[in-house]
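One chain, subunit A, links the two complexes that follow: it is found with subunit B in the first and with subunit C in the second.
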Partner chain A sequence: MISTMEEKPHIPAAPRKRRVPGWAVAMLGVAGAIALLSITSMQTGFPQLTSSGTTQTAVRLGLPILLAGLGGLWAERAGVVNIGLEGMMIMGTWGAAWAGYQWGPWAAVVAAVVFGSLGGLLHAIATVTFGVNHIVSGVAINLLGAGLTKYLSTLVFFPLSNNPRQSPPVQPFDTYSAGGLADWLGELEAGQRLFISDVAGILRGLVTGVSPLTMLAILLLPLSYYLLWRTRFGLRLRSVGENPHAADSLGVKVYFHKYVAVIVSGGLAGLGGAALVLNPGQLSYLEGQTGGRGYIGLAAMIFGNWRPGGLLGGAALFGYADGLQLRSGGETVLALVYGVVLLLGVIVVWQLIRRKWFSAAAAIFVAVLMYLLYISLDEIPSEFVSYAPHMVTLAVLAVASQRLRMPAADGVVYRRG
Partner chain B sequence: MGHLRGKLLPPALAIVFSLLLCGVALVISGANPLSAFGAMVTQVGKGTTFIDIVNSTGIYYIAALAVAIGFQMNLFNIGVEGQYRVAAVVAAVVGGSIVLPTGIHTLVIIIVAALAGAAWAAIPAILKVTRGVNEVISTIMMNGLAIGLSAYLIRRDVFGELRGNNIRTAEIPESGWMPGISFGGGGTMFGFIFVAVALGIGYWVMMNKTRFGFELRASGESSTAASAGGVNAKKMVLVSMLLSGAIAGLISLPELLGRDHTFSLNFTAGIGFSGIAIALLGRNHPGGIAFGALLWAFLDKSGLALDNVGVPREIVTIMQGSIVLSVVVAYEVVRRFELASEQRRVGRELGTVGGAA
Partner chain C sequence: MSSSTSVGTDEHPAVVLTGITKRFPGVVANSDVHLTVRRGEVHALCGENGAGKSTLMKILYGMQPPDEGTIEVNGEQVRFRTPSDAIKAGIGMVHQHFMLADNLTVQENVVLGAEAMHGIGKKARARIIELSGKTGLNVDPGVLVEQLGVADRQRVEILKVLYRGAKVIILDEPTAVLVPQEVNELFDTVRGMQEQGYTFLFISHKLDEVRAIADSVTVIRRGTTVGSADPKTVSSRQLAEMMVGSELPSPETRESTVTDTVVLDVKGLKLMTPDGSRPILDDVDMVVRSGEVVGIAGVEGNGQTELVETIMGMRKAGSGTITLQDRDVTKLGTLARREAGIGYVPEDRHRHGLLLTQPLWYNRILGYQTRKPTARGVWLDTDGAKKDTERIVADFDVRTPGIDVPAAALSGGNQQKLVVGRELSGDPVLLIASHPTRGVDVGAQALIWDEIKRARAAGLAVLLISADLDELIGLSDTIKVMLRGRLVADADPNTVTPEDLGSAMTGAGSTSAAVQETSVVEEGEH
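Right, the complex of A and B next:
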């Protein structure tokens, strides 16, 4: 690494494009999103948009997506596409319920990680050792995971719960609230002042009823970032995903790093399954419980351009849309459409400043369409709201697929020469 | 001879391996694998099971053909699941709301289903061709949206009606049905099975006897070589995706035209994913796919007998899953083995030539 640094001076330094550091962009983005929501909630008259209840539900629903997405990030950074996240998550839900009803929530977490990792190990054996196409192996693991859990729950849960599709109830985690702070924020939220109340509502949702699992998941995000981007191990792992042959020539153990990445990926997906089982609203294994969240996690990762920060944004967005729908129905989600129109308005101005006439015109066109949608409907049909992540992902892919940058050797089968 | 062995050995190995795996699983759970397997085999002769298997084979066959068209050119149409769901609901709605003479009515439903499936597949196809969006991700997203769309379309304030506990679309009048062949107590074979067979023949002819099929396979073998040979890659993606979607649109028709006559909440889901597994098992070959579809249908329908011998019938889903995974591994292992032995052979021959000179 050092030698390449020393050879560089002959090349003129590339013009610095990014003057604003990443964390500042993220802060600006969060502030912008809150401002947008608060203006939307004021103009449409739906305070639920930023209420603490909505935020709390959004966190709960976003958690499995975040964990699955993190799982996808680990695998794909090492160059293994993991469509099998869904199957690994299903295995995680079963493991969590099986251990959870016997030995409590922490056992549930551990078992979920173990079960998910087993799925990951299987994916690693198939794709890394045997060089099976990643998509094919992933699809097979999804089939296998669903079949395995169906069989096991008929075998194990049926005698206990008299229902082959559901486990006995699982003991939940104790949740923690920042007492004084939450009360103070509650007062601010009730005040209904623009922006301040909105921020207070969101913050109150974030600090009320937090389970240890939520904290763990939130910690795993910076931890993953640190491990993947700030350690020697992470550099090697990512180099395997970018160019395995070059990595191999430098003595990096390609197979080893891929194995580790995919097993961790499965463990994280399994943990996402535990987050579903230990969700206060449900507290048991239920067949079909994951409902494609493994795929949505993958979508969140793509939305985030294979970066942890963006992934968090994607998971937050998808969890938020889901939580809003669950808490307050299709009318409030329609208010979000209004928010999108506002956002597009900002984009139009931005594109006009940058003299990108075509992009501006396209944004105006979409904004007009969205506005027409907003004034012509009373509510967004609930059938579609759950699929907002899917539409957003398609839209993001359609607009920005040229700018998304995935690991260069992602999905490529590598064989040691 | 060795060529044939390379083709037949992997699936045989995979099935044996999966049988052993499930046998071990059964022994661990305290059941007798032999009696379980015996119950499955004897089930074939009981009641309507045999005809059920035939019907189910036909459905899986169509699904696997739809997947195989994409696979032939390394295009992963994971979206067959969504395409046939959307096609089913659109065909049921259109079929239930128009009045046409017998025969023509059926034909219109079939065409509508194919068009709906193709239209749903067109979105990822266009995204791939114009924007370079990976079809795996976009079709997965389209699968989710298909569930939402079908749930919306059978809402009672849209096209649905409440019948008993079930929400469904208006029933297709008898002029739009497709008659089956009745075997009395043995059940009724769907008439659409013959269409499935015709599709298989058509698929074989298209792949092996037409220019399009050649270009499709060439693109699959090497897209750069194909485009150097004058094959328009974007056109191939678009056409094969639309074709795959159109065939996917037909998957639900055996049941829709032959038995249900309506789209309801009882819709059989998951056939698209089974189709992927079967296409892999059958290596995109029409004969291999037929075998895979038969195996899948046998496991599905005979598995019902397992409940009688005290074994959860979900063991067959494990078996299906392990067959897929082990068959792809087996194909890969055999391919590597043959590659290595070929290299050795060439090396040996070159060595002898060198020695003689």
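Right, the complex of A and C next:
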């Protein structure tokens, strides 16, 4: 009686392409990215591109972005645009430092979540209860976060550290490494063989010096997926972001779900702040420490098409760009430009196959431009290097944002009745 | 059907509304409404838009509390605070504007809010598949709702209500979005379910349909029930007069005013989907002459919207030319085309016709921001705009407390009268009217018809797109049938029936001499 997908009489004629499962796309993407980096590092002679050190730094720097993006995912799936992630993250960094120097790293984590959640609560009160425009409220929270922490640091940290912009050092987490595995991978990496050494380098970076916070963050990703897509609560939360009127007409408590989502969102952004403070390279609160990572997290989520898997990809990309510039400087970032040229070459072929002449021509143009940049420079000027993640964000969003689909009622103020 | 009318009188009625009154600031939406729905019947509630049907149903469905009056369900008095209370009492509602989340699957939409019944997994899926048969829904529950057509979406809405165990189902203008064949299918579904003991409250202002499906009819006018009727003995005309409280309009145009002057000439118009895989408009040729109304019939989604938007310059044609009064406008922008003399009544007045939060006079300026009387040189002429809005309000009988109220404060019919009035000012040579009376009450409908007829008699060329086939047949001098982006058939409005048109629209081939196919549609081409 019930037929399958083939029989849909009212759907306008257009044969459905066979769906490739999401995990397969993800695996292909990862494999492609590694292959690209490996060829680039061979061609340009920069093994740092896939070294374990770079990967390790990328993980540490990608973590705050991942957490902020996850926060964005929660809020936006419930229909609240959360541009205030940055501000909530700043509150998280202050909270983490304040609790961290007194009671240790776990207290730092808890305090960061609490401080971030307070920011989320404020955003929820403004946008959900009072119907303030989501962007306006978010920007206000960013300003508030920066101002409030400046005030509080002067008040609390200055007497201790003699610096109003910095907290006393925070006690770090113990880190863990997969001993034997890491050593074996280290040997492989040192072998300098194409692909194998690259894969080994990346894997070694992933299993060395892992802090409990990293594990927690990585676990939060599948957990969020499970909660949002596989439970009754998640279905209700997402329905609120897609069509709150429909949800309301079915007895879903729209305001409640939006509140929960935005508070969780703030908590996750705050946790991202803790990841910054507890980063082994820094281990204290610093004014301006977030450096726009809340926004980049939001961008990672948009890049990931409001899905957890894509969000992980976005966070990895931005974390990698950040890690590479911090670790190896201008020369290697320039090598990355070479990688982009290779990637564009693949895109050109793909667009030609699809007979998208305009896109192909545009890709060729950019590729030529990038290649000229690559051969004419010895290294990217240091002024630009530190902006590598921001530039990657900009470029990726400009290219990728055309086929994205946000929740239908995202950013729309909902009024009952 | 007649068997179901003999419901035992000793049982309690399914729903009884007594003395319902609901006031909003400034208006009384319902005053002293009485309504009795017996168990197992299809009870129609008729009334003009703005008569208070929707408010009444919102009260019955728990979305708004009544100020006065009582609700009884199965003989027990109830108070609904939220829709969940109504659902628990066995009342379900299928909204006119579908309450579906497009980006969620059929299953997710159905189980939302009722997850406690069968969870959200396999058990729920099995239950949905079991219930789909009753509604005639024939798709996998895992399909996204955005992939479904209008009729299937409506089935999903009915399914939602069934899943929650509703016994009384409110259908709010369910046929407004359907073509005749789909309406018949819906009625078959309703009758089938009626036999299984379901009760329907059928809200409509399409009286032929009411008479075809209902066992009893209650008429509501200006917020209060004015009487009931037996649909088997009452005529559509009598019913309509009860609704309006006066004489009735008809879309019929009498004598032809068609001239030889070509106003709009469309040649070889083509438009592809954004990904370039498939044509939306395929070689459309069309001529509209001065004093002529050309009607386009077609199932929604076959390119009518895109045709209109391409002629208006809102979409860029892939190839082909559009000529307006011997002037090639193909390369002009929308504003320039409007200035060249095209008036446009968009199909969705909320999205394209009006700024709902802005006052009426401000809405008068839209599209006329470069022309008198709403502009003087580069400056807007607010005084002129206000004065001209007063004229429209008076001439087109827009019922409003003033021209400074936001457009959202007006009922749908009055908003539409304002839009039509605006688009007929500034002496257009061509009027494009997309569904000009959709969701509009009988009074406003009559006025809009009259205005179109008057402008046509004065030499206006009109391109009319409508899903209301009676309107299309009544107003048009020529009817063209659109299917999959092509004009596939011409029909003579003097002889064609809605059923003939309907089968031509679905590509079933013409069954009547009144419909002549102009080109062969290859099946399975795409």
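Here, the second predicted complex is superposed on the first by the 384 of 417 C-alpha atoms of A that agree within 3 Å, B and C clash if a C-alpha of one lies under 4 Å from a C-alpha of the other, contacts with A are read in each partner's own complex, and residues count from 1 in each chain.
Here is the rule we use: contacts are C-beta pairs under 8 Å (C-beta built on N, C-alpha and C of every residue); 3 or more make two chains touch, one makes a residue touch a chain.
Not measured: the values here are computed from a predicted model.
Asker: Scan A:Ala408 for contacts with subunit B and subunit C and give back first, second, both or neither.
Answerer: In the superposition, A:Ala408 contacts subunit C only.
Asker: After lining up the shared chain so the two structures overlap, which partner does A:Gln282 touch, if you call subunit B first and subunit C second: first, second, both or neither?
Answerer: neither
Asker: Answer with first, second, both or neither: which of subunit B and subunit C does A:Ser137 touch in the superposed model?
Answerer: In the superposed model, A:Ser137 contacts subunit B only, not subunit C.
Asker: So, does A:Ser249 touch the first partner subunit B, the second partner subunit C, both, or neither?
Answerer: Second partner only, subunit C.
Asker: May I ask you to decide whether A:Asn305 touches subunit B, subunit C, both, or neither, giving the answer as first, second, both or neither?
Answerer: neither
Asker: For A:Ser359, select first, second, both or neither according to whether it touches subunit B, subunit C, the two together, or no partner.
Answerer: A:Ser359 sits against neither subunit B nor subunit C.
Asker: Does subunit B (first) or subunit C (second) touch A:Gln171, or do both, or does neither?
Answerer: Neither partner.
Asker: On the superposed three-chain arrangement, identify whether subunit B or subunit C touches more subunit A residues.
Answerer: If we count touched residues of subunit A for both partners, the winner is B.
Asker: Contacts for A:Arg236 in the overlay, against subunit B (first) and subunit C (second): which applies, first, second, both or neither?
Answerer: second
Asker: Do subunit B and subunit C land on any of the same subunit A residues, and which?
Answerer: In subunit A, nothing is touched by subunit B and also by subunit C.
Asker: Residue numbers of subunit C touching subunit A in their complex, please.
Answerer: Going by the criterion above, the answer is residues 61, 63-64, 82-84, 87, 93, 95, 98-104, 108-109, 111-116, 119-120, 129, 132-133, 138-140, 143, 147-152, 160, 277-278, 301, 484, 525-526.
Asker: Within their complex, state which residues of subunit A touch subunit B.
Answerer: 81, 83, 122, 126, 130-133, 135-137, 139-148, 150-151, 154-155, 158, 164, 292, 295-296, 298-299, 302, 381, 383-384, 386-387, 389-391, 393-394, 397-398, 401-402
Asker: Give every residue of subunit B touching subunit A within the complex, in rising order.
Answerer: 25, 29, 76, 78, 123, 127, 131-134, 136-138, 140-145, 147-149, 151-152, 155, 273-274, 276-277, 280, 312, 314-322, 324-325, 328-329, 332-333, 336
Asker: Quick check on the complex: what are the subunit A residues that touch subunit C?
Answerer: 1-5, 7-15, 230-232, 235-236, 238-239, 242-243, 245-252, 405, 407-408, 417
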